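I have a structure I would like to understand better, so I am pasting it below and will then ask my questions one at a time.
Every chain is named by a letter (A, B, C and D) in the order it is written, and numbering of its residues begins at 1.
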Amino acid sequence: MTSAREAEPGGSLSEAQAAGLDREDLLDIYRLMLVTRGIEERGQLLYKQGKIPGSFYTGRGNEGSAVGVARAMGPDDVGTPLHRHVGVHVVRGVEPWRIFAQFMGRQDGPTRGRDGNVHFGDLALGTIALSSHLPSTMPVAVGCALAFRIQQQPRVAVAWYGDGSAQRGDVHESMNLAAVRQLPVVFVCDNNHYAYSTPNRLEYAVEHLADRAAAYGFEGVVVDGTDVVAVHREARRAIEKARAGGGPTLLESVTMRLEGHAVHDDASYVPHELLAEYAKNDPVDRFRRWLAAEAGVGEDEQQALAAAVRHALDEALHRAEASPLPDPATLLDGVYALPDALDAPHHR
Amino acid sequence: MAERTYIEAITECLRQELRRDQRVFLLGEDIGGFGGAFKATKGLQEEFGPWRVIDMPLSETAILGSATGAALMGLRPVAEMQFADFVSCAYDHLVTVAAKQHFRVGDAIPIVVRLPSGGGFSGGPFHSQNPESTFAHIPGLKVVCPSTPVDAKGLLAAAIADPNPVLFFEHKHLYRSIREEVPEERYTIPLGQARIRRAGDDVTVVTWGAMTWTAAEAAVTLEAEGTSVEIIDLRTLQPWDREAVLTSVRKTSRLLVLHEDTRTAGFGAEIAATVAELAFEQLDAPIRRLAAPDTPVPFSPPLEKAFIPQADDVVRALQDLAAY
Amino acid sequence: MTSAREAEPGGSLSEAQAAGLDREDLLDIYRLMLVTRGIEERGQLLYKQGKIPGSFYTGRGNEGSAVGVARAMGPDDVGTPLHRHVGVHVVRGVEPWRIFAQFMGRQDGPTRGRDGNVHFGDLALGTIALSSHLPSTMPVAVGCALAFRIQQQPRVAVAWYGDGSAQRGDVHESMNLAAVRQLPVVFVCDNNHYAYSTPNRLEYAVEHLADRAAAYGFEGVVVDGTDVVAVHREARRAIEKARAGGGPTLLESVTMRLEGHAVHDDASYVPHELLAEYAKNDPVDRFRRWLAAEAGVGEDEQQALAAAVRHALDEALHRAEASPLPDPATLLDGVYALPDALDAPHHR
Amino acid sequence: MAERTYIEAITECLRQELRRDQRVFLLGEDIGGFGGAFKATKGLQEEFGPWRVIDMPLSETAILGSATGAALMGLRPVAEMQFADFVSCAYDHLVTVAAKQHFRVGDAIPIVVRLPSGGGFSGGPFHSQNPESTFAHIPGLKVVCPSTPVDAKGLLAAAIADPNPVLFFEHKHLYRSIREEVPEERYTIPLGQARIRRAGDDVTVVTWGAMTWTAAEAAVTLEAEGTSVEIIDLRTLQPWDREAVLTSVRKTSRLLVLHEDTRTAGFGAEIAATVAELAFEQLDAPIRRLAAPDTPVPFSPPLEKAFIPQADDVVRALQDLAAY
């Protein structure tokens, strides 16, 4: 028995337009998904070439969900994306070369080599860097929403998490506080069926994680996360509801982790049938087919777009590779913020 | 100037900060109409309303995590843990998120966590602890432990102005037992500066919080016996004022480190280790540490008295040191 | 909209008998409630006399809930009672004089003066001592249930918490684990309207805390906690269901904290009407009236019972006052367990 | 005897304990079919079934809290944190419940928490930490940090037999890089006994975990220069073997304390402070500490190399000490 609303598919072009996406927006979303996938595919190559230290994670299969939600945010909204959310950073405007520099631990990555992978954020772009401890930035997102409420600003915070991290206590405290204070926050659970090797059935025992919204007093919605149009529509609804003072929503976006947990993991524990089923619904392919069928985006236009993305990413990669490794003499800098840190625009 | 108890000085500071800066707000359990378990925020919700003095659910992680989020959005949250002991429930947030964010991505997190700490009232194992050493070990956090009303007010104002997460330990024993003239206008005392609580020539005691008063009591006895004791009140543990300690030890050549937190790997070890390295040649006696023994804080009065260092214990330690 | 089942009142004598309580049981329950209240009333006097160090908490208003649940447990079941649950310890067989000794920090209290108040437990009686950090013993109770499941023992764990502590992350992790593994545990939430000075509406935003059971995949039940017969019936159902392999239940028992949070608190923040309403349903009085009306327990019988309890508690108090304060020379003992600690029956 | 890597020795110990004692069981994230992030439990669920090698949800507090409950019911849980860093999420349980229960009520809590720790692989700030000092400060917890396959196996067996909560830090860098002959049968090595890793006369190095190997490398260089280095591998921090340290320092009169955890208020301070108090007269040089600087663990290789003490750093520190 589920208490969550099961969202309709994205539907036709006119339905998408009704949900605020004109043809240009749709092409932009497609481009953003290609950029996201392109960044991670190049990341995997870089890893194999030994250019990425440590480990490497991708969000393959999650592009539609990440981009769909992020594209629904307003310019002043903020969010706490996690390790499957390169797409969120792409939408918010992080230049791809800086992401490559980050992967490679270079000086020009957003963390200047202090952290790796997608462990970064940029307050000016409305993103807060994740900590590995999942989902420890969820209460932080709720705090952003609290600040918006205190200051009566029409802004919304988006807090991402996964089917695994859904089981951590931080989620409970965050959602409850958001509900009690009716804060403008949207909780987005990317349920990709696994937490590392752990399948859903060993993680939780309800039909949908979105059913948990009812336990706090707000709405839960389940959406097909491979359907970017539907994801976008539901995210937009939830975000605008929050902005209008309607309080939080829990949006569960059901996807599949199309690769292993990280580069070292071949995901042999995932049943073939499950993977095969979702491979058919690879969000990028699916959206390409949708664009062709519903929005008349032909082969040529698609190819041109893909080529432009490829070209831009090749350049970005070059630029990143030219970035130096950080100087070890700088190690001690910045453990503590200095008083002028509070001169940043958002602290004034 | 007006006479203020330690807790009145804290309340006054909070009121002044709330008045002068719209960005400052308070959050914690029972801090609103009730004024907090110790009444440090009494009257503030009345004056500033429920969105600047916010009653929170029993959710320490949500309290400190949301403080961090609000700080990132430009506000200046001052959170209260009902007792310092309960900060263990939000340990992960402080150590994992708040402490490391600026180093990693350059985002300043100006939050203050107020922590009523310390024993002496049969609060038992969960309402008496002094967890300051634990946090002083974590790079990125600041740790403040005032011992007087004047210091409490000025250090709290400095903590609120500081762009980093600051753990502000208020010793419950001092709340109402200590009273002095406190400037009425706002002022700040820089974090990281020790204060010479009492000047002396023969032995140095380095301590903080309620133990400064215990040390002062012992010093009177020693003085009567002809031993002159210098007491350094560290006031903040992170950053801590090495220079003040080293200067004093170079003068007296004898050091006692005193604290109410438990001994093993307590912050006293850091002080002793630092002095052992940097003032080795000037020492005329082994560095002594006097601290609570390595047990949880016991409830029953005779046990608790044996747990918390008493003036007599300090006297004996100082006599030993002076005689060495 | 609630998803929890709202339990019927305790009903008539024959209904109580159908639920397993004969007249003797009912009188025993009444006695246990009198003992519970008597212990706490004497505790308050002791506090006023300066004989109890630190602070002092009572569970006035919670006697029916505490005794009702504890009386439904089997002899080999275990539980993690909290600070409003002197009644649980009374039912499990802790001798009152030892509770007084505990309050006063004496050598013969179950913690030998190391901890105060209701901060004690006795594994031999199936109770695990609380830590103040609420509700940090809830995952411990779930671990007991895990041990029962691993060893295929027909035992059940009961985890108590309150409307305030319901908002802590530990609750979420505990309930979810219990659900995923279908563990034999019953979660009992004593909702007494307040957490210290904080009213329900600032704590959570659902109708019943029992509604949260649905978020994990098990049953939630709300019962009137001032009705000991109903509490007992629902607790017994939940416990026997767990014992039979039916997994966890969340039982929310709605009561009122009839006094301040602790001795220093006059609870002036509680509306008079609310207190007055619940004063009418004081669980001890209510059960006395019920016994008279439904079970023919007349004034004489009641008075005799009350006198016996008074007498026993007076004696217990004397005995406790004769117990010495602990010897400070013992302070360092027992920080670490010695190998022979594992020779205790439950470790073999 | 058979050659075993450090991690193989751990797996072998777990298998032997599971075989010999029905009460032992394992719990953690991804430890079942997957065998754990580092494969320490590979094959064990197959042999012992899903109720003795239990895959847990991503819930560190539930993992350690339920371990405690199961221990109170007579079982011997061995929990795995996927990385030592994540133990911060269950800090409250360990410090509030597990550490204090025996002192308070006399209930023994025989649990073991396995913690893959340490850096050197660009794991970054959240997959590289060495939080042993934090827990060594908490009365009631034991802390073990083995450096060799033989020690890992014997100390883990002792930890499982111990009636207290034991934090067992496994250094990830040693998992596959260190290999030696390990007795096949079960054996235990008592907690609290240091091992003289290398005997020497001129300088003492006290260290543990992966740093013992760094120290050993440095000692070779010093030896070539004519300075004889004694290396004490503490093996356990709580309890720690003061006598072994004091005996060595009384012989060499020079002490370097070395660790990979950050410096300020790290456990090295405790060792230095203890020696400064108890071997004051025997010291011919200031006690030096070499540790990671007070920053989070950085990701990028040049930064991480500057963070983790390297053999060269140890050489320099030892040369300084020897020349003092």
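As a working rule, a residue touches a chain if its C-beta (ideal position, glycine included) is under 8 Å from a C-beta of that chain, and two chains touch if they have at least 3 such contacts.
Note that the coordinates shown come from a computational prediction; the quantities given were computed from them, not determined experimentally.
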Far-end chain from chain D, centres as C-alpha averages: C
Comparison of C-D and A-D by number of C-beta pairs in contact, larger one: C-D
Inter-chain centre distance, chain A versus chain B - centres from mean C-alpha coordinates, in Å: 41
Geometric centre distance via CA averages, chain D-chain A, whole Å: 37
Rounded Å distance, chain B centre to chain D centre (Cα mean): 31
Per-residue multi-chain contacts in chain A, two or more chains: 111, 114-115, 119, 131-133, 167-170, 173, 176-177, 180, 202-204, 335
For chain D, residues contacting two or more additional chains: 57, 59, 61-62, 85, 88-89, 92, 96, 100, 103-104, 125-126, 139-140, 294-296
Chain contact graph, described as a line, ring, star, complete graph or other shape: complete
Parts of chain A lying in touch with chain C, wherever the complex brings them together: 1, 3, 167-173, 176-177, 179-180, 182, 201-206, 211-212, 214-218
Chain D residues within the chain A interface of the complex: 29-30, 33-34, 37, 55, 57-62, 82, 85-86, 88-89, 121-127, 293-296, 298-303, 305-307
Complex contact set, residues of chain D against chain C: 25, 51-52, 54, 56-57, 59, 61-62, 64-75, 77, 92-93, 96-97, 100-110, 139-140, 142, 161-164
Complex contact set, residues of chain C against chain B: 53-55, 105-106, 111, 113-117, 119, 131-134, 164-169, 195-198, 202-204, 269, 325-332, 335
Contact footprint of chain B on chain A as seen in their complex: 78, 110-111, 114-115, 119-123, 128-129, 131-133, 136-151, 157, 169-170, 173-174, 176-177, 180, 334-339, 341-342, 344, 346-348
